[in-house]
Amino acid sequence: MANVLLILPELTIFLAAILVFKCLILGLSVLHVWRVAFAGSLLGLGACLITLGMTGEPFHPGIYRVDLFSQLMKTVIAAALVLVLVLSDSPPVMRRDAWRELPFFLLLSSAGLMMMTSATELITLYLALELSAFPVYALIVLHRDRRMGSEGATKYMLQGMVASAVTLYGMSFIFGLSGTTYLSEIAAALPELGSQPLFWVGLLLLLAGFLFKLALFPFHFWAPDTYFSSPHPVATFIATVSKVAAIAVLCRMVAVAGWNEASIDGETLRIVLIVLAVAAMTLGNLAALVQKDFKRLLGYSAIAHAGYIVVALQAFSSLGHTAIVFYTIGYLAMTWICFMVACEVGRNRDTVPVSALAGLWQRSPMLALCLLIGIFGLTGLPPTVGFIGKWFLFSAALEDGQFLLVLIAALNSAVAVYYYMRVLRVAYLLEPAKEDTGILAPSPLVVTGAMVACLVVLWMGVAPNYFWEIAAEAIVALGATY
Amino acid sequence: MALVIYYVLFGITVLFALGVLFNRNTVRSAICLVGVMAALAVNYLIMRQEFVAFIQIVVYTGAIMVLFLFVIMLLNLREPEVMPWYLRKARFWGGALSLVFFFTLALAVQVWTVSGVTPGAIENEAFIKESGTPEVILLSTLMITKYVAPFILTSILLLVAVIGAIVMAKRYDEDGQEIISEEEVS
Amino acid sequence: MGESIFEANLILSLFLFTVGILGVMWKRNAISLFMSVELMLNAANLAFVTFAFQHGIIDGGILVLFIMTVAAAEAGVGLAIFIALFRVRRHLRVDEHDMLHG
């Protein structure tokens, strides 16, 4: 019984998915299916909160770990899922027959992502990675514009499969050197393994699949294309929910490999991460400067933010990890706000060019204000979490003595101001185009979600203590494992 | 003798793999891939992994590759693979980098095995004989104890794959009514 | 014999993986690309089995079983997507001429 309680969040989400499937078979209407899914995701969030303080291993020891870190990440995932479902109520940008299937796939993908945050065994990680990806591939195909949907899905799927095959190959090396796929046993054998170059090659290959989900430099090609070609709610899901799980896994892997005193060769991993971070930040920000499509711009901005996160990851310190967990929560809220605006503005459009935001201030002051908060957060301006979060990220790297890296990151943030402000200029200063002058009226649920998200962004920016302490405790729980 | 057989097999696998890469015809490529998979199954047999060899044949060649061939035939992909790789610099450099990757790691494998850090090799056969239980029983026991979480995950994964494939393949008209049978519009 | 097979199999697995990567980079047909990915998965399978053989443990068999399940599921989803793509485009080339670029 205690074991069932430990996996309550995943179980709730999965059962909700099954229930939704049952509703699909029974032929219930879109609204009913959506309501069931929404209630299920709320229950899942509740289950996460219930299990927040629990620690234990529900399955065979060592394979699946429930601790404060994993539960915090699951809570964030569940909250983000609720927010995405708020936007997924019969989106016109999807094929009409796909409206009913949308919540089902979102729930299943979230269940996979939740299992990813807890998995402490390589094959479990790999399977959870695939489980979280498959439903998303299927969802992109269901775009209203069939051509765009199937092309986007093909590109995303092929790149995702290559990345996960590389991950698997890296796992085979680590399995070969240590004779086990359990992270705890690998960590125990690390003093011996650390001197093997093959181990570090394997670890780098292994990280590929998760860096892909995070859209870091060599695996970033998909992000702008996929954001652009996915139906808006699906793009929101990819940009928010799946990032959290990737960050959680990266934190766990680096905690296993990098924190260990014995791993002298961790320097190699660090240098590679630094190079990738610099490349991702520079490339993401420079490419974003010339983008005309809002979702594509957010895609490049996501690449840059992946770079910022790795700046703290390479510090290999609990301070850096805490900063990452803290920033992830804030980043999720900011990105969701921007995508929410994209969903509302692009309600009847297949794509959301930046010019479609013109005159947003007149069309809907509420959305314009949300966009202001979200963009301020992504830019990193006070009083949002973007500023304080980046401050934490960079100070973690500074404490480690990486002055040059922080300088590059700071310069990049300065470049980014230009294209973020361009979006705001369009939204606030330009007159709306003739064809879309109508007033935008988001549903009450969307307004509620937006208020919560804005509140989180501002609250974390003004009074970071509360969230910082939770993040620090979670990282202590993570560090205690290895 | 066994070593000779092994190296012949090695050669066959390499040739088939190159066949997958260099064949311009998709069907021939797929057939070569079947060859690689069958050769790998024999390889597994040489390593005394009978069960793995068996499912390699059944799942890979029997199910996955048949699905591939079926789709290739169904879509009637006649057009040959265009591959002017030597003309395109990006592809050339990609190839060069991959070869560097291959030789570096091959060297690393050599160094690693020569330096003798490998854990002592126990013959698999001896291990199974010692424990006195058939391989399949050992494997299935492992599956529901040590690897129970991936086992649960695979079940969900297959569910997702099945439903996903059905949803994607369904064809609807504009009003959302399912089209049961209709000729492909060309 | 065990030692030499072990080494040769690792080289073979590396070779298959490299061929898979080359295929992903050079091929332009979505199905051929997908077959290259299958080749990479097979390389990983071979590495898992070989390493398990070297360590004298049978975990390799289980791991390969899971990977094959994923490969089968992947083939199902992937080929369904290709059929959807083929319906709207009548070809499966993945190159610069699509709607999506950079």
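Letters A, B and C name the chains as they come in the text, with residue numbers starting at 1 for each one.
Throughout what follows, contacts are C-beta pairs under 8 Å (C-beta built on N, C-alpha and C of every residue); 3 or more make two chains touch, one makes a residue touch a chain.
From a predicted model like this one, the values you see are computed outputs, not experimental measurements.
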item	value
More contacts between chains, A-C or B-C	B-C
Chain at maximum distance from chain C, centres defined as averaged CA atoms	A
Intercentroid distance (Cα basis), chain B paired with chain A, Å	30
Distance between chain centroids, defined by C-alpha means - chain B, chain C (Å)	5
Approximate Å spacing (C-alpha centroids) for the pair chain A, chain C	26
Chain C, residues touching no fewer than two other chains	10, 17, 34, 50, 52, 54-55, 57, 59, 63, 66, 70, 73-74, 77, 80-82, 84, 87
Touching two or more other chains - residues of chain B	105, 109, 119, 146-147, 150, 154, 157, 160-161, 164-165, 168
Per-residue multi-chain contacts in chain A, two or more chains	123, 127, 130, 134, 137-138, 141, 179
Contact footprint of chain C on chain A as seen in their complex	123, 126-127, 130, 134, 137-138, 141, 146-155, 157-158, 161-162, 165-166, 168-169, 171-173, 175-176, 179-181, 224-225, 228-229, 287
Chain A residues within the chain B interface of the complex	14, 21, 59-60, 63-64, 95-98, 101, 104-105, 108, 111-112, 115, 119, 121, 123-124, 127-128, 130-131, 134-135, 137-138, 141-142, 179, 192, 196-198, 201
Contact set on chain B toward chain A in their complex	105, 108-109, 112, 117, 119, 145-150, 153-154, 156-157, 159-161, 163-165, 167-168, 170, 172, 174-176, 178
Chain A-touching residues of chain C, taken from the complex the two chains share	10, 13, 17, 20, 24, 30, 33-34, 37, 40-41, 43-44, 47-48, 50-52, 54-55, 57, 59, 63, 66-67, 70, 73-74, 77-78, 80-82, 84-85, 87-89, 94, 98-100, 102
Chain B partner contacts - residues on chain C that touch it in the complex	1-12, 14-19, 21-23, 25-29, 31-32, 34-36, 38-39, 42, 45-46, 49-50, 52-66, 68-77, 79-84, 86-87, 90-92
